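Labels A, B, C, D and E are assigned to the chains in the order they are written; within every chain, residues are numbered from 1.
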Amino acid sequence: MITVLLIFFPLLAALLLLLMQGTTAKRMALGFSLAEWAIWFYSYIAFKNNPINAALSMKKAWISSIGANFAVSTDGISILMTFLTALLVPFIILSSFKGKYSSSFYALILLMQTALMGVFTATDGLLFYIFWELALIPIWFICLIWGGEHRGRITFKFFVYTLAGSLIMLLGLLYLYFQTNGTMGRSFEWSELVQAGKMLSETEQNYVFWAIFLAFAIKMPIFPFHTWQPDTYVVAPTPGTMLLSGIMLKMGTYGLLRWLMPLVPAGVAACGKTAMILSIIGIIYASCIAIVQKDFKRLIAYSSIAHVGLISAGIFAWNVEGVTGALMQMIAHGINVVGLFFIAEIIFNRTNTRQINELGGLRHVAPQFALLFLIILLGSVALPMTNGFVGEFLLLNGIFKYNIWLASAAGLTVILGAVYMLRSYQGLMLGETNKRTQEVVDLDLNEKMILVGISILIILMGVYPKPFLEISQPAIQTLLETVKQ
Amino acid sequence: MQEIIQGVPLQHYIWLSCILFSIGVMGVLYRRNAIIIFMCVELMLNAVNLMLVAFSRYHSATTGSSAQVFVFFIMAVAAAEVAVGLAILMMVYRNTKSTDIDFLNRLKF
Amino acid sequence: MLTQYAFYFLSILAIFSALMVVFSRNPVHSVLYLVVTFFSIAGHYFLMNSQFLAMVHIIVYAGAIMVLFLYVIMMLNLNTDTEPNKSNWVKGAAVVTGGLLMLILVVSTKSADALPVHKEINPNIGLISNLGKVLYNEYMLPFEISSILFLVSMVGAVMLGKKETY
Amino acid sequence: MSQLAWLVPLFPLLGFAIIGLANRNLSKSVTSLLGSGSILASFVVSLLIFFEKVSQPTPTIVHLFDWITVGKFSAKFSFLIDPLSTIFLLVITGVGFLIHLYSTGYMHDDDGFRRFFAYLNLFIFFMLLLVLGDNFLVMFVGWEGVGLCSYLLIGYWFSNTDYNNAAKKAFIMNRIGDLGFLIGIFLIYKQLGSIDYQTVFNVTTLSKISPSAITAITLCLFVGATGKSAQIPLFTWLPDAMAGPTPVSALIHAATMVTAGVYMIARSNILFSLAPLTQDIILYVGLGTALLTASIGLFQNDIKKVLAYSTVSQLGLMFAALGVGAYSAGVFHVVTHAFFKALLFLGAGSVIHGMGGEQDIRKMGGLRQAMPITFWTFVIGTVAISGIPPFAGFFSKDQILAEILAHKGIGITAVAMLVSLMTCFYMFRLLFLTFFGNFRGTQEQKHHLHESPLSMTIPLMVLAFFSTVGGFIGFPHGIGHGMGIHHWLDGFLAQSVAIKPSHFSAGQEWTLIGVAVGLLAGIIFWAMKTYLTDGKIPVKDSEMEGFQKVVYNKYYVDETYNSLITKPLNNISAGISNFIETKIIDGGVNGIGSFTKWLSSGIRTIQTGNVDLYFFAMTISAMLILLIKLFDK
Amino acid sequence: MNELLTLASVGILILLADMLNLKKLAFPIAMLGLATSIAFSINSWNRTEMLYGMLRMDRFALAFNVIMCSATFLWCVLSEDYFEEREAGTTDRYALVFFALTGGLCMVSYTNMVMLFIGIEILSIAMYVLAGSHKYNRDSNEAAFKYFLMGSFASGFLLFGIALLYGVTGSFEMVKIAEKVKEGFHFDQTSLLVLALMMMIIGMAFKLSVAPFHFWAPDVYQGSPTIITAFMATVVKMAAFGAFYRLLTNFVMLYGSWSDILTVMVVLTLFISNVSAVLQHNVKRILAYSSIAHAGYMLMACLSSNDSGDSSILYYTAVYSLSSMAAFMVLYLVDDSKEGRTDIGAFHGLAKKQPVLALAMTIALLSMAGIPPLSGFMAKYYIFAEAVHEGMTGLVFFAICMSLVSLYYYMKIIIAMYFHDADDHAVVNANPLQVGLLAVSAAAMLLLGIFPDSIYQLLL
């Protein structure tokens, strides 16, 4: 029941928001998102007390004609993903306070939150798919209505590309669905699909693997399916970019974890390595592009590809370190990238440009900003004692267990990440001020709240990641066991 | 071999109507004047009628009369169609002063 | 034998006049050839002992429909050879296509030979009394429904024909 | 007391937090007090720990909290207090405190005074984590943390693009090493299932895994060490790092951070002792670095650059010592080096302070009158680094030479000796050019010349004292058996020593000392003749030629790296970005769209609007369908 | 019986009202008639009625009747002002619509070929007239003209098929034909039967606008008055599809394999319609192509029909007509307010001026594109799932690709509404009733998508 509330409360809030206008809408949106956070916290307490709490899951017949249920449940993995969602949305809403956004904007964000919560808790294949797609619509509108130049063309590409992937995934899920043979006939239930997947021959599993993988690969995105992403991130309004990069791409990684790996174990065994190599190529490839990138927002976009490549590689390593690291990094990356995009937004608001070589010396005029930027940047380059490190360390460790050479290649992210992030930091913050930057003022309260909040999270998670690691362990073990059997 | 009337097999009637039908189709393709085209369509319907009557005779022991009733309906429909069709033709002619089908191609691509 | 000759005569006449419908340059000629075709088809109906249909055919087609056609042609003053010619290429294509279609139809109906032979042919089915029974019993519903059809065509024709301003 | 070891890093952390957060609201004096005071407090605690450990040498583990626990992997956040870490604690907090004190004077007029102290405190914190850590991961935390602080402090004057580049370079080069370290940690975990020192440094456990695995582990760790300790091939960042304020150079880039590599290898001595191949590599890399950078130092004209190359060179010697398994000698040299190199840097800082920021020794000269304290302490430092008995450097350097001689014979020792002689030469060159002769700077500078304030000279004097007597904590092995630092580390190194014992007699030792002292004297006289008697001044940059030019330009190593790595990376990236990304991958995706549009533009023309054509199309398709259906049997 | 009678008599009543100068009554009568017909259908839901052996009012037919009547209901309410504004011919149009519905009902419930033929003709003739009901508009003229010529041409093929089929089987009754077909034939006669069935399929494919017999559709849809196009694309299409589906399942499918030819048709339809629509700039034409594309998807359902085929098709047609009706109605409102502009530019800035209309249009378009959780998704899902189950994964893959292509043109409209600013100053008028009804339709599209069983299980 709590999970259901977690999913549908934002939807309700979104509908209510449509009745409001102006600043009331903004404030209420923030209020709703905080209330959602409270709901999450309640579910967390419930989960802590009793992980198999009946209140955390729900299963009701939904489309009985095809055996699809409304089945949601929260386990140790879901709780972290819902945490990320519940955590970031208030930040994202807060970050948009200065923009000229109408109430429908906030309604869309909350609608998106519903979809995301649904994706992260659904245990029914069709339900998962519906929420998966539902998440696409609000963000598309956000980008389309409030986006930047060429948004029509770019958001179209984004929409079609991701939709193409997910339709193919649906094909794969359908294929599995027709192999299920539960007591109640065919079913989309996760456990049934897992059983069905195991029955398939290896060739079939390979096909299903690629079909499902494609959707996640596009969403994350993994090289070479990533070209929608930088353009979209740049063109989207910054809150939209935050949603996209902070939470939405986690749908892809979460999907890998929950809906690909356990479903077709033999397919993973046969094709996982290729997928992993793609992920790792993506890390290096995107990092290289980020190095020569002149647009700061685009640079973050590419850095995001690199990070996600590492996450997916960690998942494909499919050992406890890799998977835990992936989860940890999903959260860390979510937080960091939201911070980075907010920084890009702040810079753009003040100077009207995102070109790194047109800026410089911001540290002179905005020392607090520079400091907070630095902390977030360090989180992003995975300095120990920041959240990025825990995830990255575990990921690399997991990949290392899988294959030494791949891990070494993936490890290049440690170096390349530092190269492009420091390069951008230097270009933006250091050096002498110029015409554009000399008039810049330091952060105001709203901005400070967000960035300080993020910075505190970065350090807290880096120093004491135990709660995050601990809560997900049983679920990860179960998941790993599922595949082994 | 079934004979429909003395000395004439069913086959011949079918062929005759096929030929008439084809001529009707050919006329539709051949002419540009809408009225003629329409007439050719009528020709096609008549070919069908002819075939139905032939078949009704072939099935006369069982359901032959229903085929003849069917022909009757086809005639009725044809008459109704002609009324409306000519009304449309007139209307078009009023506006374009032409019954040339190639003249009407504002709607395309 | 007579029926056989009658059949071939009527058939050749029908085909010839049908062809003339297509190939006559003057629309009025086409109409007249079509009337000839209809008459020869009516002849076939007589041959097949379907007098009622033959009568109806002549009344409806030759009497009503063709008159309507003629009337329209006259009214629109299309009786002269005003139709711009299609290019020969298109005409050729039309003839070839029609020919091929005929070929296909004829070849594929060749198997009508193999239809089971019904020895008895009931000569009375074409009679009015017989048809009336069928029409007003079995085919009651379509008969009624076709009244709607006529209503539709009537309303439609009036609607389109009526002068109206808006 | 050892249980309170967490206090040691806590004080600097608090100092950092308070200074960092309060920032503008803190007066400079309070900042100095907090900044230096926190380190002093750490030092006091370290001393107490030290005294406790003297009487009770068993290692103590202080467990703070579980940091990362995943599956079988577990990294605790806990501290290990044993002789090795205690020595480093003392050096870091002790020297660190002096340098903080010095900074209060040196940085007094700088705008970013508070920021500077915050960074310094943070640095000390991370450095302490590095040496206190109970497992490799905590060490790695400190390892990366000091790298960060180094980045921040090198780029302290962030308006200057060159400085920023230097900072970036330092961080990235360190990161390259860090990756090696990280992979080393993974390997350790994979092979041994743990990264705790207790579990890993166990001969019985280690004997179960293959020697090649140990070699791989040690090589990876050594790559990490080359990054942090500026060894070939990752040494070029250190000279550039002199862009930071001088106390930073003294603290981070001479006394403490760069010795982290030595600490790491000393800490993992068992691993290295079990990997002879790695040891040899370390030896040759160390010697090579020492030789290369010493030769560069011969021709440098920037006072800090000379010291920087000297630092790299000394680090090379330390690695050479580690390479022959003389861990205690290496650590010993770390300690003495910390004293005299800090002293030299701070002295140089004092000079720069007095000169108003001038660093080129060609523009100095005759400063001894104006800055007597600086001069005398600098002399002590120079003598100490040159290895002249009985100053600190002599003992440690001699020890290293002796160990090399004992293990590798005369040839390798000669190379090490050569390095030592070169060090002596350029240090005296530096001394003479700076403090003797006539002043060569501008009038304005001459007018400005003054001795530094007390806050700067006191640390100089304290360090000079230790540079003088510090050597006695490690009296030569062969002469005074079981004294000082060796004895202190004996228990710790027992396992390694068992693998590779070193034997040499007192006679050998004395011979070595004799030869070394004799040669050094010759070199000093040569230097004196060249720069003091003849009054030779190094030529201007533009007039250099031939070999001198090559050496002055650091053998063009930076340029080589630039053209071998940086430029290709940039070009490849640009290629990827401009061609593969946009043309091939994105082009492919867009191509599908364009293709569809192209198809559309073709297909929609079928719909010509001509009924005629529609009739044809319908009839023909009907015929085709009939044909297919009827005749496909 | 009652359903049929109601519809026919409402048509006549409206004509009578016209004669008695009670034009105001036309609308209420229409509403009442539709409601009554729906009520009758629901009332006789649980029994199957045979009418003179000609019509079979089974659940399938009744469900179609309900949906067609509901769509017409929606249509009437939404287009009320259209008829209000035009004095002349109002009642005629209403009457024709109801006669067309009568024809449609015959088409979805026939058991005798005569009824199929007459039903089709009633519907078609009414539509020919309605297509040309803008008498002084050249486009409307052209549409009626093309529709009529090609429609009657296609009727010829259909009739030829029926005649041959009668020749072979000796009956017009579907049950008897099916029996005969099941009995099987000599090898020699197969070509006759195949020819008959093929000719019928061709004739029906024309009515359904399935490629390669779709040529009339884009032109006619574009040329007809928007309000009529809306009716054509929904009710007429449903009726045609119902008839086709009955034809296929009742006996065509019993004989031999048609999947190859139908597959070709599906592929062609999906390909030509979707790809052609990509570069269109006229929203009406885009929607016309979209409706052709949907005919393709519906045909796909026939391909893989098994027990649940009826349900999938019912759901699909219901959902499709709802979405299509909503989209066409928004188009109509825009068209009506902007003096006949139906190009994409007419939609610029609609989101700002009429957010509800824009939203309804968006939901309708996304639903047609098959984006979850809208009903269009579930509709496609059922069909694709059936096809996957039948092993036609390749065809489904192709259909998915074509759905993606279709996104392009749907989104073009959405982007126009949300992204661009209006390029003229015309105000898009919509009365509260229309807005409200469109909002309700939008909600229905969403709810039907979330709870598809509400319709899907009707026939189970």
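To be clear about the criterion, contacts are C-beta pairs under 8 Å (C-beta built on N, C-alpha and C of every residue); 3 or more make two chains touch, one makes a residue touch a chain.
Just so it is clear, the model here is predicted, and its values are computed rather than measured.
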item	value
Chains touching both chain C and chain D	B, E
Both-way neighbours, i.e. chains that touch chain D and touch chain A	E
Reference chain C; chain at largest CA-centroid distance	D
Chain centroid nearest the full-protein CA centroid	A
Interface ranked first by C-beta contact pairs	B-C
Relative to chain E, chain with the most remote C-alpha centre	D
Rounded Å distance, chain A centre to chain E centre (Cα mean)	42
Mean-CA-position distance for chain E and chain C (Å)	31
Inter-centroid spacing, chain B versus chain A (mean Cα positions, whole Å)	66
Chain B-chain E separation of Cα centroids, rounded to whole Å	27
For chain D, residues that touch 2 or more chains besides their own	593, 604, 607, 609, 611-612, 615-616, 619, 622, 626, 630
Multi-chain contact residues (two or more partners), chain C	86, 90, 93-94, 97, 101, 105, 108-110, 112-113, 115, 138-139, 142, 146, 149, 152-153, 156-157, 160
Pairs of chains, among all present, that meet the touch criterion	A-D, A-E, B-C, B-D, B-E, C-D, C-E, D-E
Residue numbers on chain D that touch chain C, as the complex places them	612, 616, 619-620, 622-623, 626-627, 630
Chain C residues touching chain E - in the complex, by the definition given at the top	105, 108-115, 138-142, 145-146, 148-149, 151-153, 155-160, 162, 164-166
Chain E-facing residues of chain D, complex	593, 596-597, 599-601, 603-604, 606-607, 609, 611, 613-615, 617-618, 621-622, 625-626, 628-630
Footprint of chain D on chain A - complex, ascending	157, 161, 224, 226-228, 285, 288-289, 291-293, 319-321, 324-325, 361, 363-364, 378, 383-385, 389-390, 393-394, 396-397, 400-401, 404, 407-408, 411-412, 414-415, 418-419, 422-423, 426, 429-432, 463-466, 469-470, 473, 477
Residues of chain D defined as touching chain A within the complex	65-73, 137, 140-141, 143-145, 148, 151, 155, 158-161, 164-165, 168, 171-172, 175-176, 178-179, 182-183, 186-187, 189-190, 569-570, 572-574, 576-577, 581, 585-586, 589-590, 593
